[in-house]
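Across the two complexes that follow, subunit A remains constant while its partner is subunit B and subsequently subunit C.
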Partner chain A sequence: MEQIVFFVLGFVVLASALTVAASKNLVRSIFMFFVTLFALAGLYVFALADFVAITQVVIYVGGVLVLMLFAFMLTNKEVLNNLQQGSKRFISLQKLPALLVAVLFLLILVNAIIKAQPDNLAWIQASAQSGNVISPTDNMVPNIGISLMTRYLLPFEAVSIFLMMALIGAAHLARKEEHKF
Partner chain B sequence: MLTYLLLIGAGLFCIGIFIVLSKRNAIQVLIGIELILNAAILNLVAFGKYDKLNNGGQTFALFAIVLAGAAAAVALAIILNVYKQYKTIDPNAVDKLKD
Partner chain C sequence: MNFYLIYIAVALGLFAFAALFALFGVYAERKVSAFIQDRLGPTETGKFGSLQTFADILKMLQKELITPAAADKVLFVLAPFIIFIAVYLGFAVMPWGPGLVPVSLNIGLFYVFAIISIETLGIMMAGWGSNNKYSLLGAMRSVAQVISYEIPAGFAIISVVMIAQTLDLQQISLQQGTLSTVTIKFLGFANVTHIGGILSWNIFRAPHLIIAFIIYFIASLAECNRAPFDIPEAESELVAGFHTEYTGLRFAFVFLAEYSMMFLVSMLAVVLFLGAWNTPLPNMGTVHLADWTTGWGWGILWISLKSLALVGVQMWIRWTLPRFRIDQLMNLCWKVLTPLAFVCMLISGVWRLLLM
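Up next, the complex of A and B:
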C-alpha cells in the first residue's frame, strides 16, 4: 500500500513537471507547477521529513506561486501575444538542443545513481546499524528546532540576513521611480 | 526507497534544465529554476533520513527552501523591471545592460 502511494506520488511529480514543460499556456503551467509542489511535499513525507513538507507547502504555494501569478498578471499583454505566434508542435527544431542536453544529462545521472547503489553506501549502512535512522514513529520537529538554535545557528543567522537583504533588494528594484537618473 | 527518490530527483532536475533552456518566457524559466532547486531539496531530504542525530539534511533543506523563496522574489522584481524597459519578457530580447 505504501509503495503504491509512493509510486503514484512520484509519477504525479514527473508527469506534472513534464506538463509544465510541454504546455504553451503560462497560467496552465503555473498551476501544474502547483501540483508538482504538492506531490513533492508528499514525497518529503515519505522521506520522513514532515516539517520540511509543511514548510514547502507554506512557502512555495503560499509565497512563490502567488508571486509568480502577480508577475504573470503584471506582464500579461506580452504573454498573450506570445501565445498566438507560438508554434504548435512540442518538439520544434529550436528546442532540439535543449532536449538533447536534458536527455543526455538524465542518462548520465541515472547511470551514476544506479552504479553508486545508494542503499549500499558505507555511511548509510553504518548509520543503519547504529540506529541513526529516522523511524516513522519519531517526532523530529523538536529535534529540528534544537539543532537550528545550537548546531546550525551560524547558517541560520546567515540565511536570515540573506533573506532580509534579498527582500529589501526586491522591494527596491520593484518600486516605481519618480525620475530617471 | 532511497534509490527511487534519487531517480525522481534526477528526472525533475533534467525537466528543469529542459524548461530553462527551451522556454522563451522569463517566468517559465524561473519555474524551471525552481524545479531544479526542488530536485536538490528532494536529494537533501532523502539522504537526511539517515542522519537522525545531527539532522543535517532536513535543516539544510529548510535553508534551501528559504533561499529559493528569496531568489524567486528578486527574480520577479527583475522581471517586472525588464518588462517596464523592454515591454517584453523574452530572455532573447534582453541584450543591453544600460539604456
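Up next, the complex of A and C:
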C-alpha cells in the first residue's frame, strides 16, 4: 500500500515537473508547479520529515508561488504573449545549450549517486546498528527546535540577519522619495 | 481494511457537516442581517423562512454551468474545488472532544495554518481563470489581504504555542480542562487543575492571550474575506470579486468554502483560546459540574456552541461595520496588529519562564 502511494507521488512529481518545463502557458505552468510542490511534500512525509513537508507547503505554496503569480499578473500581457511565441519544434538550435546543460547535469547527478552508494554508507549503517533511527510515531518538532537553538544557532542567526537586510532593502526601495522644495 | 472504512465515513461526515453548516449559516446570516437592519428577512418558504436556503440550493443545482469564452477553462473549472478542498482538509485535525479527533497530528496546528494558505492559490486561479478585470482585481486584493493578515495571526498563534508547548491541537485542548496532565494556573498563581471550567481556558491562564485572541479574531475575519475586510468582493466596486463569473454548482462551492472557512477559523480560535471542547462550568465544592459535563458528547456540544457563538459575532460585525479602505486595512495590519502580536509573543516567553 505504502509503496503504491510512494510511486504514485513520485510519478506525479516527475510528470508535473516535466509539464512545468514544457508548457507554453506560463500561468498554467505555475499552477502545475503547485502540484509538483504538493506531491514533493508528500514524498517528504515518506522520509518521516513531516515538519519539512508542512514548511514546504507554507513557504512555497503560500509564499513563493503566490509571489510569482503576483509578478505575472502585474506584468504586461504583451510580454507574456511574446514568450508564448517560441519555436514549436522540440529540438532546435535555440534549445541546444539548454539541452546540453540539462544532459550534463543529469550525468553529474547519476555519477554522484553511483559513486556515493547511498545504500551502504558507513554512518547510516552505524546508526542503524546502534538503533539511532526515528520511527513514524516520533515527535520531531522539539528536536528541530532544540537543534536550531543550540547546534545550528549561528547559521540560524546569520539567515535571520540576511532576511532582515532583504526586508530593510525592500522597504527602502519601495519608499516614496521625499519632496525637496 | 476496517479502518479505511472509518476514514471514509469520517471524511463523509465532515463533508456533510460542512454542507449542513453552510445551509444553516446562510439562513442565520439572513436572519441576523434582517434583525440588525430592522427587516424581517426570509419569511415565505417554510416556517419563518427556514426552508429558504434549501430552495436556494435546489435552484443553484439546476442552473447552467456557464464558462466564459475567453476564460482559461481548466483553471476556471478547477478553482472552486481547490478553494473548497483547502478549507475542508483543515477540518482533518480539528478536535471535537476527548479522544474524538479525525487525525491527531503532532504538528496539527502548523498543518491547519499551511493548508489554509492553499485557499489563496485557489482564489488566484479563479481570478486569473475568469479572464475578467473585476475577478482579477478581486483576487489580487484578496491575496494581498490574506498574506498580510497571516503574519499577526501567526504570531498570535505562536504566543499560544509558547504557553502550551505543543503543536498538537488535541494536546492544547487537553491542557485547558480537568483532564489536563499538567498543572493549570489561573492568571499564573491559583492552581485550578481540578477546578477546570472557564478558569482554566488559555485566555485566563495567561491574560495577555485575550489580546492575542482579539488579534487572531480580527485577522481571521480578513482571512475569510468577511466584512469589514470584504474589499475582495466589494459589491459596490467589483460586482462580486473573484467569483463574478461563477454560476450554479461552482458558485455553490465557493460559497460552501466561505462558510466552512468561517467555522474553521472560529473553531481554531476556540481550540487555541477558549478552552476547546472543555466545559465553561467549574467544579465548585461538592458540585462537580466540570466533571459531569466533560465527555465526548459534551465535547461536541461545547465546541459547536462556542464556535457558533464566534460565527455569530462574525455575522454581527459584518452587518455593523462599514468596509475598510485598502490603506486603512494595511495600516491596521502592519502598524497596529503586527507590533501588538510581537508584544504578545514576548510576554508569552516571559510568562512561560517566570510564572509556569
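Throughout what follows, the second predicted complex is superposed on the first by the 161 of 181 C-alpha atoms of A that agree within 3 Å, B and C clash if a C-alpha of one lies under 4 Å from a C-alpha of the other, contacts with A are read in each partner's own complex, and residues count from 1 in each chain.
The rule is simple: contacts are C-beta pairs under 8 Å (C-beta built on N, C-alpha and C of every residue); 3 or more make two chains touch, one makes a residue touch a chain.
Everything quoted here is computed from the prediction, not taken from an experiment.
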>> Output check: A:18 vs subunit B and subunit C. Expected answer is one of first, second, both, neither. What do you get?
In response: first
> More residues of subunit A are touched by which partner: subunit B or subunit C?
Replying inline: B
> Should A:70 be classified as contacting the first partner (subunit B), the second (subunit C), both, or neither?
Replying inline: both
>> If we overlay the two complexes on their shared chain A, which of subunit B and subunit C does A:101 touch? Say first, second, both or neither.
In response: first
> Should A:49 be classified as contacting the first partner (subunit B), the second (subunit C), both, or neither?
Replying inline: first
> Of the two partner chains, subunit B (first) and subunit C (second), which one does A:36 touch, if any: first, second, both, or neither?
Replying inline: first
> Residues on subunit A in contact with subunit B in one complex and with subunit C in the other?
Replying inline: 51, 55, 63, 70
>> Considering only the defined contacts, which subunit A positions touch subunit B in the complex?
In response: 6-7, 10, 13-14, 17-18, 20-21, 26, 29-30, 33, 36-37, 40, 43-44, 46-49, 51-52, 55-56, 59-60, 63-64, 67-68, 70-72, 74-75, 78-79, 82, 94-95, 97-99, 101-103, 105-106, 109-110, 113-114, 117-119, 123-124, 127-128, 131-134, 138, 140, 143-144, 147-148, 151-152, 155-156, 159, 162-163, 166-167, 169-171, 173-174
>> Quick check on the complex: what are the subunit A residues that touch subunit C?
In response: 25, 27-28, 31, 34, 50-51, 54-55, 57-58, 61-63, 65-66, 69-70, 73, 139, 141
> Within the complex, which stretch of subunit B touches subunit A?
Replying inline: 1-8, 10-19, 21-22, 24-25, 27-28, 30-31, 34-35, 38, 41-42, 45-46, 48-63, 65-74, 76-81, 83, 87-90
>> Looking at the complex, which residues from subunit C come into contact with subunit A?
In response: 72, 74-75, 105-107, 110-111, 113-115, 117-118, 120-121, 124-125, 128, 136, 140, 143, 147, 150, 167
